[in-house]
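Listed next: structures, encoded as structure tokens.
Both complexes below contain subunit A, partnered by subunit B and then by subunit C.
What follows is the complex of A and B.
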């Protein structure tokens, strides 16, 4: 007998429509970046060297770690450990906050250098992409906070944990976009 | 009708349809003036007739939205309207102010109207779609505030549903963004920049929430599908609307003096604007397919389905046609824009108002649905109007493509007026389609007066 594998979408179906729509927007932005870069390679390479790669790298580590925390939170709630789930979620939110701080520092240092969206095509993309991603990190933190609040209130348990999975799916999307964005904008030459 | 006060909607719906007739008549006048330039000159010049055509559209849709709100908010909130008297008072104020404004456009030169209404104290006139005298604009604000207070109190004191919530956000947004019509900077770039905060953030932002809420209400009532399912769809649709529509404003900011990044922001985000409209179509058809009851009002279901399809085509597809900056570089302000405008306004907003009128009016008049005879007539009017607006759109699109080519792309570009002469055939065909639209509208109105004796 052939065994049929039942594929279950983690979290609420609606969040996946949302996630795909977000990925579509970022995807088009990435393609636009690539096309524009291929016409202005020198400009892009020169400007790219001026980015703070250490901050970018640090943020990559921070965001991946926080995604791992969220994975642990989902495992915890599936095992019925609500308090543990809440702790992992809190950790993930704190790391999200750290990402926001590092990113704000980057925005600040670019701004004092007088760099704006109109400086050149590279910076238009750098600032737009990182800013839109930045907004998603904040939205993700809001979603995680709501789920943390609900977890503490006892809304989830070993049987009913859709909310946690929904938030986790969104947070992984935020992470995934950064994992493409960081090498594309900071590193690839 | 579950609550007596829902009946105030009848005033609003009646006025909406009356003004709709006016809009179409003036549409036919300007359509003819495109090819017979001195038709009705000097009594009704083109610029005045066009102003009346577009202003009547906005006003009748506002009447429709208010009527829809007065009808559905009490039913959703499960209580009587906070103040039916205020609703009727505001109706007369809005109707009289609207009528005086239109008469002002028609009877005196625009500059005289500006003088008479003391525009110099707070100059807001002279901008497309926002031509109303300042005093009329203030009147609109008063009516809108009283209206939002009235329905807001109803919602606050009653059951809170997702439909009411989304509708309220849409209505409050409508009022807030209208305030930008009072900001009239002398710098032309600034002027245009903020002008779109009313115009774009209305039709590609908050109005879509109103549309979504009305459509969801009609679908819940006619299909009997579970509220939770419909609410989830509504959430996703409005989220997509706001994600794409807000920054999508940028597609109006190409080459008007705004920074270059708007070409990217505007192109990318507005290119996604068809998505919520497509979801609305899928939403409407899915709900009707999953229906748990056969509602006797087939005409209302037809309008609801039509709204989804025509909004997607008119707003979504025809909007996408010229939303990307490299395309818009050539098509900006041509008949392509007019084609998009006609189908989008009809498909999204005219049709959703007609859908709620179709659903609510029989109930207000004391029956679940109109007689079979009346419904058949209404469906005829649906097809006549919908097919003719499709042809208007196709003829204008053809005119727009030819115009773009002759005037802007060809090796030997022609002047604007010389190009217009070359488009005459399309303008004539558009006018014929317009006459068919008027016939459809007349049949629509007649459907209210037939078959009362054999009411279903």
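What follows is the complex of A and C.
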């Protein structure tokens, strides 16, 4: 069965088990946030106003663009263009680095303001949700870097590119989760 | 249309919807209209990523529906709580 599924989902099937498990965890987090907020609407709305929406928007554009670069990397390797694939992957990793820097700036700003996990329920969710996602960005960058290394080594070509697709699928999941997280935590009120 | 051109168009739409959401947030809009716009934009963006970036529209298995079901359920729960 695994063999059959492996051929019809992009990348290795094992990554999809991982991706679905991650989506489940993030889904529970998001629903908990929405339900908790419905009992503390004023507190959540007031605290949310103090977030840096521009940083959140910038990070959304950065992550979406990085995901698009990875799509181009997959198209390149399928066409047998290893060097081009490596260039798109490098660009995607650099953008991942930019996301990390913007997010660290946000964490630092909040820490200077004296905000911690115990400040209130909103910040408990804001810090834990965004930090949990932040860790996934780091892991995604590690996976992309390994695939970039292998691409440069010549491990992938126009016929065998499962590794590139596997990394791409994970990276798009990280993007998908942020697409829900950004409006939920930064914008919806 | 080539896959690369489709992906580029999807990227433009994703960025445009992000900027629209940011505008809603910066102007402090709230209430049913703002929630509908933001959740609607998230649904379209998520579905575009699932279909065109994750390439689920080419997958030939019912596993392809898992991310779409996830996205729809999460956004529905949000809609009921806002």
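Following the convention adopted for this analysis, the second predicted complex is superposed on the first by the 182 of 189 C-alpha atoms of A that agree within 3 Å, B and C clash if a C-alpha of one lies under 4 Å from a C-alpha of the other, contacts with A are read in each partner's own complex, and residues count from 1 in each chain.
Just so it is clear, contacts are C-beta pairs under 8 Å (C-beta built on N, C-alpha and C of every residue); 3 or more make two chains touch, one makes a residue touch a chain.
Since the model is a prediction, treat every value here as computed from it, not as a measurement.
Student: Does subunit B (first) or subunit C (second) touch A:37, or do both, or does neither?
Tutor: second
Student: What is the contact status of A:119 with respect to subunit B (first) and subunit C (second): first, second, both, or neither?
Tutor: neither
Student: Which partner does A:155 reach: the first (subunit B), the second (subunit C), both, or neither?
Tutor: neither
Student: According to the contact criterion defined above, which of subunit B and subunit C contacts more residues of subunit A?
Tutor: In the superposed model, C touches more residues of subunit A.
Student: Is A:172 touching the first partner subunit B, the second partner subunit C, both, or neither of them?
Tutor: second
Student: Pick one for A:90: touches subunit B only (first), subunit C only (second), both, or neither.
Tutor: neither
Student: Residues of subunit A that sit at the subunit B interface in one complex and at the subunit C interface in the other, please.
Tutor: 24
Student: If you look only at subunit C, which of its residues touch subunit A in the complex?
Tutor: Against subunit A, subunit C makes touches at 3-4, 7-8, 10-11, 14-15, 18-19, 21-22, 24-26, 28, 30, 34-35, 38-39, 41-42, 45-46, 49-50, 52-55, 58-61, 63-64, 66-67, 70-71, 73-75, 77-78, 81-82.
Student: Mind pulling up the subunit A residues that touch subunit B in the complex?
Tutor: Per the stated touch rule, the residues are 14, 17-18, 21-22, 24-25, 28-29, 32, 117-118, 124-125, 128.
Student: List the residues on subunit A that touch subunit C in their complex, please.
Tutor: On the subunit A side, the touching residues are 5, 8-10, 16, 19-20, 23-24, 27, 30-31, 34-35, 37-38, 45, 49, 53-54, 57, 60-61, 64-65, 67-68, 70-72, 74-75, 168-169, 172-173, 175-176, 179-180, 182-184, 186-189.
Student: Using the touch definition from the top, list the residues of subunit B that touch subunit A in their complex.
Tutor: 232, 235-236, 239-240, 243, 259-261, 264-265, 268-269, 271-272, 275, 279
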